[in-house]
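What follows is chain A paired twice: with chain B in the first complex and chain C in the second.
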Partner chain A sequence: MSVIDELAGELSKLPGIGRKTALRLTYHLLKQPRERSIRLARALETLAERVHPCQTCFNPTEDAECAICRDPRRDAAVLCAVEEAADIGAIERAGEFRGRYHVLGGRISPLDGVGPEDLTVSELERRVAGGAVTEVIVATNPSVEGEATALYLQQVLAPHVARVTRIARGLPVGGDLEYADGITIAQALSARREMP
Partner chain B sequence: MTLTLLTLAIRDFRNLARVDLAVPAAGLVLVGPNGHGKTNLLEAIHYLHVLRSVRGARDADLVRFGAEAFHVAAQAQGGAVDDVRIGFARAAKRKKVMLDGVEAERLADAFGALPSVMFSPRDVELVAGPPTERRRFVDIALATTSRRYLTALQRYRAALVRRNATLREVLRRGTSDGATRVAVWEPALAEAGATLWCARVRWSRWAAPRLGALCAAIGERERVTLEYHTSLAVDPAGEADETHVREQLAAALERDRGQDLRRSLTHSGPHRDDITLKLGGRALRSFGSAGQQRTSAIALRLLERETLCEQAGRAPLVLLDDPFAELDVDRARQILRMLGDGAPGQTFLVVPRGDDVPDAYTALSRHTIRDGVLDA
Partner chain C sequence: MSVIDELAGELSKLPGIGRKTALRLTYHLLKQPRERSIRLARALETLAERVHPCQTCFNPTEDAECAICRDPRRDAAVLCAVEEAADIGAIERAGEFRGRYHVLGGRISPLDGVGPEDLTVSELERRVAGGAVTEVIVATNPSVEGEATALYLQQVLAPHVARVTRIARGLPVGGDLEYADGITIAQALSARREMP
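Entry: the complex of A and B
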């Protein structure tokens, strides 16, 4: 197998990249200045060698603990549990949350053979059992599996922490009521609130 | 309003390699020996309605032997869309649906876009077969006419297969928190299940007198009744309050959890309910004669057509797969008369021999089919 085929083969294993795109990327790398490709290769190498899950919250980091866990200004009493590390980025961009995180590493998915023991649930339980945490916000996706995971967390965490909360479901801001599906509207109605 | 297909194009669907038809407004008759692809043509048209095989076949098995993909496309008027194209590629296992030239984001968007009702000899299973057949019947009628029902059905099925997989996993590995692991799927089941339950009960109440009248009109002398049969401790004859049903369903799931864990099966919920059909107070399924069962099955299809007309506001296409083969002449004539009453709808009739075409349809333009090839 040629080097070109090998690289294209590796690239096509990435999510969202098919055989054609992989070849296009490979030829693009061939055409660009050498140094840039080498920089990319080094970045990949560093990523693979140095980045690992944070020992506390499982957010990827180069250190023992991630920057959020080390930041003394972040509230250690409030944890936000998310399915994947990428979800942290989404919440951080909103700039509203000042607590810390816990990355579950997925969701309960019996059809893929993923149970609670395959997630970082017991680690979260231990974190919360210390007593310093007053609230866990469960921010798993509002899918059937995300909801089941949230319920499971509530069951196992409730004995250890004062509040287990769930992020709200409903209409997206700037959305159009006309195009929302029935379940979303039903949720939005049942979670309605008094206007100030 | 009446839905009318203007053109129909089929590629590599079952034994139909290539079909290009301009369809007359009234419909058409297709004549051909058994096993040459008559029913396949109707199945392709019905695929435009429910995006799956009416005969329960897997998509991969619908691709013509030796081909990679199938396509079914139609131009229509009087439907929710004017142009539907569906393709399925065996290798990618992917279904692609284009509605008026735009790819549908979700398959649900295309569900029921070009509605049709298919009358076939297999329909007797609706009456004589297991409860699955009747649940499937009512699910399709309601899901193609209500987006809310379709969403609830998808959610319910998703939660059900996951709860059952969890039951098996817990039984296999004997985890200590088995009950909790199973319970986390129940709120979704109760919520979506209540939506299904209430919609089915409402439909059953709407359908019961109509079915009785249809059967009587076809020539059935004894009274045919229809009831929703449920294990839930809620009276289907009472007012269906979704919150109450949800609570009852959640309670039943909790109550049966121990039994469910032992047998790796979810015992309560709308997926176990049935539509009970009776003739003079006795179960049609076990006591009805072959002719009575056939008459009731045809009446159920007429009822499906009424449901589509009423809910979607347009008459669906009528697909007749040699449906009167085993009926006596009088009943067949009655049914044809009922199909013709009101808004008849565009009709696609397939029969084995030219002599089998009922008088009412002799005016329709006629095609023949042999080995999957239509005459020009």
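Entry: the complex of A and C
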């Protein structure tokens, strides 16, 4: 296999990049100064070598704890539980939330064989069991699996924390939190309600 | 700048990949085993270090000459001039052409400041001036710049080679007349041939 096919093969494993796009990207890089490919390679290596989940919230970081967990101005009494680390960026861009996060690492989905034990649910339970947390905002996606995950979290967390809230259904049902605009996310946060 | 932003920044320099897609790809890689990122990085480095233009036809290769130029079964008397190396793959997949190639490295475009001296035109002239080439098929894209490049090549190459031909323009096979643009239909009409 040629080097070109090899790179195109690796690129086509990325989501949303098919064989033709992968080849187009490869030929694009061949036309660029080779420093471009080297810089991209270095960034990938650094990502693989230095980034790991935050020991507290599982947000990817280069340190033991992520920047948000280390920030003393962020309210440690309010946690926002999200499916993926990418969702944190979306919520941060909305500029509404001043608490801290917990990355679940997915959502409960029996059809895909994903149960609570595959997520960081027990770690969230342990964080909350300390007693310092007054509210957990469940910000899983407004999908069937996201709602099921929210219900499960509510049952598990209720004994430990005063309030388990769910972001409002201001988000379009079936949508993806990562792609929602900041105003929608801000409204969904401020309209959050107690889970019954 | 964080490692995540750095990789997303490098990825977003690729064509067709915006800031959000770049972030999505980065977070996707973070969820994969780190070997995936390492393999992609290695493929990029190998591309940057080992691949360079074929000394004869400018098709990217790891050797002095590309596999097509080295293949004795390929007819050295017929050259197909293409804008980009990626076009070779498209023509090879058609399985019709048994000659060799010449990668121009773009098309003449005065608006973009691209002249013949920025392409491998003089190298093509030198290849053809040897006298062993009987036909040059100009397979630049059927765009305004592609046509201008074809006309220029015809003028430059005519003194050296018996035939300078242009790939046919017309309706794409499997296409629909109803949705074809007027220029394509006009050319398909004026280039009509007797039915055998």
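Simple rule for what comes next: the second predicted complex is superposed on the first by the 169 of 196 C-alpha atoms of A that agree within 3 Å, B and C clash if a C-alpha of one lies under 4 Å from a C-alpha of the other, contacts with A are read in each partner's own complex, and residues count from 1 in each chain.
Please note the rule applied: contacts are C-beta pairs under 8 Å (C-beta built on N, C-alpha and C of every residue); 3 or more make two chains touch, one makes a residue touch a chain.
Keep in mind the model is a prediction, meaning the values are calculated, not measured.
Once the structures are superposed on A, label A:F58 by its partner contacts, choosing first (chain B), second (chain C), both or neither.
neither
Just checking: does A:L14 make contact with chain B only, chain C only, both, or neither of them? Give me first, second, both or neither.
After superposition on chain A, A:L14 lies in contact with chain C alone.
Would you check which partner chain A:L44 touches, where first means chain B only, second means chain C only, and both and neither mean what they say?
second
Would you check which partner chain A:Y101 touches, where first means chain B only, second means chain C only, and both and neither mean what they say?
In the superposed model, A:Y101 contacts neither chain B nor chain C.
Name the contact category of A:Y152: first (chain B only), second (chain C only), both, or neither.
first
Of the partners chain B and chain C, which touch A:L30 in the superposed model: first, second, both, neither?
In the superposition, A:L30 contacts chain C only.
Between chain B and chain C, point out the one touching more chain A residues.
Touching more of chain A: C.
Contacts for A:G182 in the overlay, against chain B (first) and chain C (second): which applies, first, second, both or neither?
first
So in the complex, the part of chain C that touches chain A is made up of which residues?
By the definition above, chain C touches chain A via 2-4, 6-7, 9-11, 13-16, 20-21, 23-31, 34-51, 60, 62, 84-86, 89, 105.
Give every residue of chain A touching chain B within the complex, in rising order.
Within the complex, chain A touches chain B at residues 108-111, 113, 115-116, 144-145, 147-149, 151-152, 155-156, 181-183.
Which bits of chain B are touching chain A when the two form their complex?
Those residues of chain B that touch chain A are 147-148, 151-152, 155, 158-159, 161-162, 165-166, 169, 175, 177, 180-181, 183-185, 187-188.
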